[in-house]
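See the structures that follow.
Okay, so chain A shows up in both of these, paired with chain B first and chain C after.
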Partner chain A sequence: MGRLPSQRALAATLDRCENAGHGGHAPIDEVKELLRLCRDGKVRLPEQIARHGLRLIKSKEAKRKLNDSELWLINEQVCYALLDTGEIDEATMIVKALSKRFPKSSRVLVLQGALCECCGDYDKAEEVYKKILEENEAHQGAWKRLCCVAKGRGDEEKAVKTLKEYLDVFCTDAEAWEELASLYLSLSMQKQASFCYEECVLIQPQNPSYHLKYADSLYSLSTPSTLHLARQAVGYYSVVLDLTNGSSVHAKYGLLCCLDAIRSQGRGSSSRLTEDEQKLAAKCARELEADYQEKCPALLAHLRATGILPSGT
Partner chain B sequence: MATELYQLSAKTVSKVILHATKYAHGEVCGCLLGRQEEHTVIVEDCIPFFHKAENKHSPLLEVALAQSESYAGTLGLKVCGFYQGNELSDDGSLHASTKKVGDSVRDRSAFPRACLLLLDNDAFTTFLSGETADRLPFTLYHKRGPGGSWEGCGRDNVRCQGGLTVRQVREVAAEGVASGKQRDLVDFSEHFCDVAKDWRNEKVVIA
Partner chain C sequence: MLMLDPNVRNWVMIPITFAMLLIGVLRHLVAKLMRGSATAKIKSIQAKQLIQRSQYLRAHSGFLSRAAFNQRKEFFCDKEKGAFCQKVDPSLNPQQQMMSDPSMLSDMLTKNLTMVVPQIVTGAWVNFFFSGFVVAKVPFPLTQKFKLMLQRGVDLSSLDVTYISSLSWYFLNLFGMQGLLQLILGEKTFDDTQVMQQQMSMGAGGLDAPNAFKAEKDQLEMMQHNFRVAKFVELAAK
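Moving on, here comes the complex of A and B:
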């Protein structure tokens, strides 16, 4: 798949930072650009951001060159990266500096909470997030972190409860529905998970990954007596193929599995594939085989061994 | 009755560890390939399946299992188990979904001695650092009878294949991680995004 211009810019900048000359120290302007691209694109590259960013924060030259607001933004960004890589001492130092500069900021409080979480002090983290919510009930970040605390403690039921309360208010947050779905899956509650994925599809019908997950969940729920679910899944996998220009291997496999299940498990007339369904299966099989033939022919035999390809292709 | 033994190859141990290292932030899983010799099950290799937890609840699981079975057949092996690394570092429990996959592997391969290998996340860290170099960071579960449940297998009954010591196996695994081999290891989640990525990983660990 072709990459977006912003992705290309990020890859090029990252390459220049990683392979910088003079002693491995990337020039400040390059690092600044890398951090900006990551912030704008919401890209998470903790190891690189922590390494280059920390050096930037500590350099006197950078402090002269950067304006105040960007410098603090970078501090926050680097701090999250440090939490990701587990460098607690450096992170603590930045949190202290930020708290001093912005004593009343809820954004810094969230960071303080995240630091507590990273240290395993979930009680303290919960306290911090609840304090933020007392001030501002609609603070989405704090609410979501509160759910993460429950999850981190291994208390999935409480995480579900917190997330449901959140979704009562912010019911159009597709990412939160997706997270709720995966919590349900980990609790072996497939039906509930499927419902959540359906919400995601309704909120973002243009996003193929939600159609895929919803179709996957429908297929998993289908049994020989509920094959209409597999038929429904076929519809959603087809949408994925429309949205991705026919490039989704996942959707093709899903389609073939569904149609195979209908063919082999159905009783009487329900097991008969319509002409359109047969054509669809044949087309997917052909495309998959061509894809393997071109990119990794050694695996073609294993694809055929799955038995989901319709006979005669 | 003779003691039921399980032997893990250095390749299996290394690949599971590389998979867990590559996706350290989430859960990973895959299947085990092996054979049975009298009372001993020898796990020779493994195929990394997923790092996206939701893939376990999708048709992709069946597809990956069927393709692994076909591949195992070419090596004279069977799919003899499943491995799992949980997301939370202190979560040492065998999840219901993992047991379900274990049951399905056991039935599909007609392999009554099928096993589940659960990665112990805490021990995994100290194993790699060398603090606990004498203990494999896994718990192995098996079923004693047809109607039985998954039970932990005594540590003494799980050994390294080929007479290697745990220390020697650790060296292979740690060397792999240190040289960044996890970047070359490919799982089925990646394969389904780009079929050019070969899930057999034949060149990743040569032990």
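Moving on, here comes the complex of A and C:
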């Protein structure tokens, strides 16, 4: 798969930062560029950002070179990275500095909440997020974090409730629908989950992962009496193959499973595969076998043992 | 050749420039102070998102099975419970909003105040104290058309175009100071042209929810659904 120019730039800068000379200290300009690229592309590289960014914040040279607003942006970014890697002491220090500089900012409040969450103090975190929502009832970040707090406590039903309230307002947020679907799945509510994946597909039909997940949920919903769901799943797996130029192994496995289910569980006319479906099954089996032959011949026997490959290939 | 008195430079040109610069900085600071946090109302966000969702549904309905599509159509268009058939809060209509919510008007007023008032005051100040001075000369030749721009307030047909009158100097400062201000204050200072664009687009920004809902509902009811996913099987089999 070809990479975008921005991805290549990020990879190159990261490489230069990681493999820098003079005792592993990357020059400030490089680190600054790395952090900027990560911010712009919303890339999450917590370990690298935490390591390089922390050094940048502490160095006096950086304070001279960077202008004020960028330095604070970097502070925020590094703080999130530190929370990701679990370095609470350093993060607390940065949050304190940010709170001192921007006492009223809701952005800093979200950061404080995240810090509380990281320490496991969910009550305090909830309080902070509720305070933000009181100020601005349409603060998406705080609302989502509130759902995460519920999830972190293991109270999935409350998380679902919060997320539903959020989606009632922001109903075109595909990532939130995806999260709701996985929450439903953890509660074994397949039907609701597949509704959520339908929404994801509607919002971003160009994203193959949503089609893939929707097809999976359709396949798991299908029973011998509702085989039309498996047939639909075949359709969505084909969409994924179309979007990924036939490179998705997951979709191929899914296709073969669905077709196998239709063939073995269906009664009478419903068990008969159409000509296209037969051709598709043969093609996928061929490609899958070829992939395994090329990349990992040892596992090929296991693939054959699953019994999902159509007989006669 | 016209001899320009150095006193004119010291007491007219430099004071005008200096005053304009100070006012630019001041205006930036005042605007920063007055900029209220624009918190959108949750109701209007919800209305916008609903319309967006219905648009997505219409555009990508081919990826949904008949049952799933009908379920969503019902959600939007059902006569009793449909999202588009609810009685819409009249405050979502921009005209009504203007009447009921004076904060919008006062917002507009403060925005204009920070922009227009300083301009009027400095314009009057220059006009009153410094009218009729010839303050500078452009070092390169210009065509006659520039007379209007460079010699405002000095109506002398025999005066060479390259001379600049005090009032014109004020206008040049007013519009040309942006770059200098950016150097002093950092990026993101107030730009006159940007503010003008904002004022222009303000009318179109508001959402007329009741009418938009009705239009969206009509379109959704009219559209034909066909399930396109089945065709991909054929495509993938090739």
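We adopt the following convention: the second predicted complex is superposed on the first by the 313 of 313 C-alpha atoms of A that agree within 3 Å, B and C clash if a C-alpha of one lies under 4 Å from a C-alpha of the other, contacts with A are read in each partner's own complex, and residues count from 1 in each chain.
Please note the rule applied: contacts are C-beta pairs under 8 Å (C-beta built on N, C-alpha and C of every residue); 3 or more make two chains touch, one makes a residue touch a chain.
Source: prediction; values computed, not measured.
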item: Simultaneous placement of chain C and chain B on chain A, clash or fit; value: fit
item: Inter-centroid angle chain B-chain A-chain C after superposition on A [Cα, multiple of 10°]; value: 170
item: Contacts of A:Cys257 with chain B and chain C, given as first, second, both or neither; value: first
item: Chain B versus chain C as contact partner of A:Tyr129, first or second or both or neither; value: neither
item: Touched partner set for A:Tyr166, first chain B, second chain C, both or neither; value: neither
item: Touched partner set for A:Asn67, first chain B, second chain C, both or neither; value: second
item: First (chain B), second (chain C), both or neither touched by A:Leu202; value: second
item: Where chain B and chain C come nearest after superposition, their Cα distance in Å; value: 18
item: Intersection of chain A interface sets (partners chain B, chain C); value: none
item: For the chain B and chain A complex, residues of the former touching the latter; value: 53-60, 62-63, 66-67, 69-71, 88, 90-91, 95-97, 192-200
item: Complex interface listing, chain A residues touching chain C; value: 67-69, 135-138, 168-172, 195, 198, 201-203, 205, 211, 232, 234-236, 238-239, 241-242, 246, 276-277, 279-280, 283
item: Residue ranges of chain A in contact with chain B within the complex; value: 152, 154, 181-182, 185-186, 188, 190, 193, 213, 216-217, 219-220, 249-250, 253-254, 257-258, 291-292, 295-296, 298-299, 301-303, 305-308
item: Residues of chain C that touch chain A when the two form their complex; value: 37, 39-42, 45-46, 49-50, 52-53, 56-57, 60-61, 63-65, 68, 186, 229-230, 232-237
